[in-house]
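The following pair of complexes shares a single chain, subunit A, combined with subunit B in the former and subunit C in the latter.
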Partner chain A sequence: MATEMKNLGSKFTLLFAAVFIFFPLYAATEYSLRNGAEKTHDLTAYRWILDQSGFAENLAITARITAVAVVINLLIMVPTVTWLHLSGQRYKRFVEILTIMPLIIPVVALATGAQIAFPSILKNSIYQLSFMYVVIAMPYTYRALDIGLSSHPLATLTQAARSLGATWIRVLTQVIVPTIKPSIYAALFLMVALSLGEYTLAQLLHWSTFPVWVTNVSQQNITGATALSVGSIFFAWVLLFGFTFFGGKNSKTVKEEA
Partner chain B sequence: MKTNSLIVSGLTRRFGAVVALDDFNLNVAKGELVALLGPSGCGKTTALRIIAGLEKSNTGSVVLNNKDITNDHAHQRNMGMVFQAYSLFPHLSVAENVAFGLKMRKVSKSIREKKIDSILELVGLDHHHKRFAHQLSGGQQQRVALARALVIEPEVLLLDEPLSALDAQVRTNLREEIRRLQLELGTTTLFVTHDQEEAMSISDRVGVMNKGKLEQIDTPDVLYNNPASSFVASFVGNMNKIPTQITDGMVEIFGSNVIALKRGNESGKVHALIRPESIAVIASSGQSHAKVLTRSFMGASSNIVCQTPDGTIVQSLMTSAATGDLHPGSQVQLQVLSKEVLVTNA
Partner chain C sequence: MKGASTRRGAFHGFLSQFPLPLLPMFLLVLVFFLWPIGSLTVNAFKSNEGAFTFSNITMLFQDPYRLAFKNSITLGLVSALVGSVPGLLIAIAIEKQSNQTLKKFVASISGVLANTGGVPLAFMFLAAFGPAGLVISVLKSIGIDLYGVGFNLFSFTGLVIVYAYFQIPIMVIVISPAISSLRREWKDSAANLGASKLHYWIRVGIPLLLPSFIACYLLLFASAFSAYATARALTVGNIALVPLQIGSLIDGNVNIQQFNLGYALAFGMIIVSILAMLPYIWIQSRTSKWQQK
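And then the complex of A and B:
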């Protein structure tokens, strides 16, 4: 009886969550497909987006910023979190607190502070955003990697590789990275999602990126703006599934050929 | 006289105020299997890790085949290692795991494949090349780990409690297999364990460690029959501790006088250390020393547990044929079969 009640409870929660998430999404999708003049449903609003000047340019800029951010993220975060797990245990608490800082420090403070602190080569480069995005994404990317590293006996795997003749670089590239690949993909996805949606920093520092462009454009056409949001959400989903599929498929092929 | 392959001298390792390893010396001859035996925290694993290069010692040196490797990194030492925890790389198949060390040594693909085939056959996993760690049992995983460590033809094979995570049956089989492989390949091997049966059954020599020191290192027979200290005596095999008193170098046990073998300056009240097989239990209708508590039949031999009036528990191991008339509650006489017994301060 109690379990039945519990089952019913969890079913209700699930249903509530589904309605809460999918109903607005459904409504937004429906609205974005409306053609006001003809009173029918078609892709007018989506076509309108592509017709706006700057779509491709801004998307390309954001893609480049994102790519740089992803590379920096991988080069800095993976070795750091690995080191924290292997021999930097006593600094782990400190770094954990440090990674939460971007959630506490207002973005405005980061923008002005970083602007002063950047070396001159970055001061006038749009790629300064990549560095800031790595910082903003740290609370999420750190945790994604941390979970991946915690779920394997990393110390033993490392020692086994060392005793088999692997240098530290090889331990990292041939043992640790392949072992925690799913977590790296998760961290990458978070990094990309954040980079694609970040508006405040870019706007504050007067850089024209895709989210900034979207905001400006959407002020002219409400249906088009809705179409943009719906499109972004679906694009993020495609990315998410892509990463999952890519990661999953990769390990499967290894299994088959081995 | 065999040549020494591994010479470890004066290793000391301190963790803060704790001395994990205290002036540790060890020579392992070529092709020999030496076990380091001791309770947890005795320093045996620390010794192994320093030899493997995974940890640094404060003082001392490690010499491998006449080459001082004290300051070499782990990956520069040609040693194979098997760990207590399962350590197969989860993203690689069995064959790829075994290939790892060969790839690090830039062995060509054709030779690599030959070596992998023959070593996997040797550990009895010749049809498991394509499996992954999660598709193998614990015993199979340790066999692959063993193959992976052996395929690089290490100068020394280091085994860090490789059987501790396995079931009893698998553990016994695998330890025999480790010995067979070790003899077949002639690999110099250092085996760390806390299980005295494991150490005694497959080793050429066993080093018993306690509190960071090597108390005694010798063949299993000598350790068992002629332990250098009471710690070794009670850690290796079962040992009865019978309270008695030394007078003129003799102790009286169960009414008879026996020579006391001292390891230090034992005097006055002492414990006599006697192996179960050195005590005979005889059913008695008249005068008795003890009462039988249990008799465990184990086939050819039986284990008799008795209790003396002062509460001392005495264990005896006898051939089953001689114990037919012993039952729980029987009044019995006890007899020491050896002429000398080791004594330790009470």
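And then the complex of A and C:
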């Protein structure tokens, strides 16, 4: 009886959380479907989005920035964290401090500093954002990779592969990466999430990305702005949820194989 | 236990021993993080003529900047409270569920929501909680007239409500490891030794969770304190907040003097954040010891 009551309490908490999460979204969706003139619901506001100039261009810009950030993550973060686990344990503390710093320093301050510091070659390239996004995401991506690497006997796997004659590149690409694939997906998921929605750096450094464009267009039409917001939230959710699902599926297979 | 021998000749030793595999990541952080922050700090102490001065910093203690710091810090404290308590309860409730699919679903949705910030979030709430929004009309139909009692989304309260939408999920994510590492054995041994449920929580559960809770609270404080996008979209210049002041000082057609003031404001934000986050890092490094299974 007592445990049942308790379970009821936690079920109620979760129900409350679900209402808190989904009701505003539902309400916003309803609002975005309103047709003010005819007091009906239709897709007018969504059609308005597609009529705005810059929709496709800005979406493409954000996609490119995100792609570059993902590539940098794969090329720099994954090998570095792997190395830290295999033979660089002495430096783990140093790297941990390095990666936690973006959590401490507000993004507004980073944007301000970048404006002063960067030479024009960096200032003139929109891909400076990709690099900064990688750094801002580090507290999360580093932890995701670290957890994944900690939960596997990497040293043993590596020694086994090496003693069978594999080169280091082969060890990395054919032993380590497949083993920690779920954590790599998790890290990339966090990277994509951050990169798709980032507004502060882009706006303060005067770049037109999708979130910046959304804000600018939103000034003109409140229903349209709601449609745009609901649309971009759903878009991000579907993408990100797909990512976690994909990554989650893989973690299951790895566990089953182990 | 760091090796004592490596302390000798600190900087030179550091350079000659710097491991090559760390270089790409270190360069990345150096160029895209440490360098901007360093320049910012230096410029916060520079006058128009480029001479060293404290005058930008002393400006921070005068209105409107003093007020902005007061507002931003209050917003951080209140928003962290509004996010951390429900977040903790939800995380405990999730831990109790045996349904793995539900757990995974909540974990995924928290990850997604924690990243749903910025402008779309502001507009979503504008539509839902605006005077013509569905939330308001549903509440009205059950007799609660929010706007009748002086509610306004473009206000401090409004910001706290909107921030809760990403603060609660962040709390769920960061506190969950602490909750799931409260080991079942501890509960059982406490019960074996004759402790009641209440006893267990007072003597074991709460003392173990409290440091993590404080750490997570501080993280939420920092997140609300420095939030920019949502605040910019939602307020109409009616609430003085530090990030927004920096934005307008750096952004617009202002004179050089105000640029330096902007740098000083950003430097002030860094100091506040560091003060909040140092205990966070310290607590996290202590609790990670018993949280590892």
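Simple rule for what comes next: the second predicted complex is superposed on the first by the 230 of 258 C-alpha atoms of A that agree within 3 Å, B and C clash if a C-alpha of one lies under 4 Å from a C-alpha of the other, contacts with A are read in each partner's own complex, and residues count from 1 in each chain.
Note that in this section a contact is a pair of C-beta atoms (placed from the backbone, for glycine too) under 8 Å apart; a residue touches a chain by one contact, two chains touch by 3 or more.
These figures come from a predicted structure and were not determined experimentally.
With subunit A as the common reference, the superposed partners subunit B and subunit C fit together side by side. When both complexes are overlaid on chain A, the residue A:79 reaches subunit C alone and has no touch with subunit B. Within the superposed three-chain model, A:159 lies in touch with subunit B and out of touch with subunit C [touch as defined at top].
Counted by residues of subunit A touched, the larger count belongs to C, out of subunit B and subunit C.
Applying the stated contact rule after C-alpha superposition, one finds that A:24 touches subunit C and leaves subunit B untouched. In the superposition on chain A, A:236 makes contact with subunit C only, not with subunit B. Per the superposed model, the minimal spacing between any CA atom of subunit B and any CA atom of subunit C is 10 Å.
Common to the subunit B and subunit C contact sets on subunit A is no residue at all. On the side of subunit B, the complex with subunit A involves touching residues 52-54, 73-81, 83, 85-87, 89-93, 95-96, 100-101, 104-105, 129-130, 132, 145, 148-149, 152, 158. Interface residues of subunit A, counted against subunit B in their complex, comprise 152-153, 156-157, 159-167, 170, 174-175, 178-179, 181, 251, 254-255, 258. Across the interface of their complex, subunit A is touched by residues 2-3, 19, 21-22, 24-26, 28-29, 31-33, 35-40, 43, 86, 89-90, 92-94, 96-97, 104, 106-109, 111-113, 115-130, 132-135, 138, 164-165, 168, 219, 222, 225-226, 228-229, 233, 243, 246-247, 250-251, 262-263, 266-267, 269-270, 273-274, 277, 281 of subunit C. On the subunit A side of its complex with subunit C, the touching residues are 6-7, 9-11, 13-14, 17, 20-21, 23-28, 30-32, 72, 75-77, 79-80, 83, 88, 90-91, 93, 95, 98, 100-118, 128, 131-132, 134-135, 138, 189-190, 193-194, 197-200, 203-204, 211, 214-215, 218, 222, 225-226, 228-230, 232-233, 236-237, 240-241, 244-245, 248.
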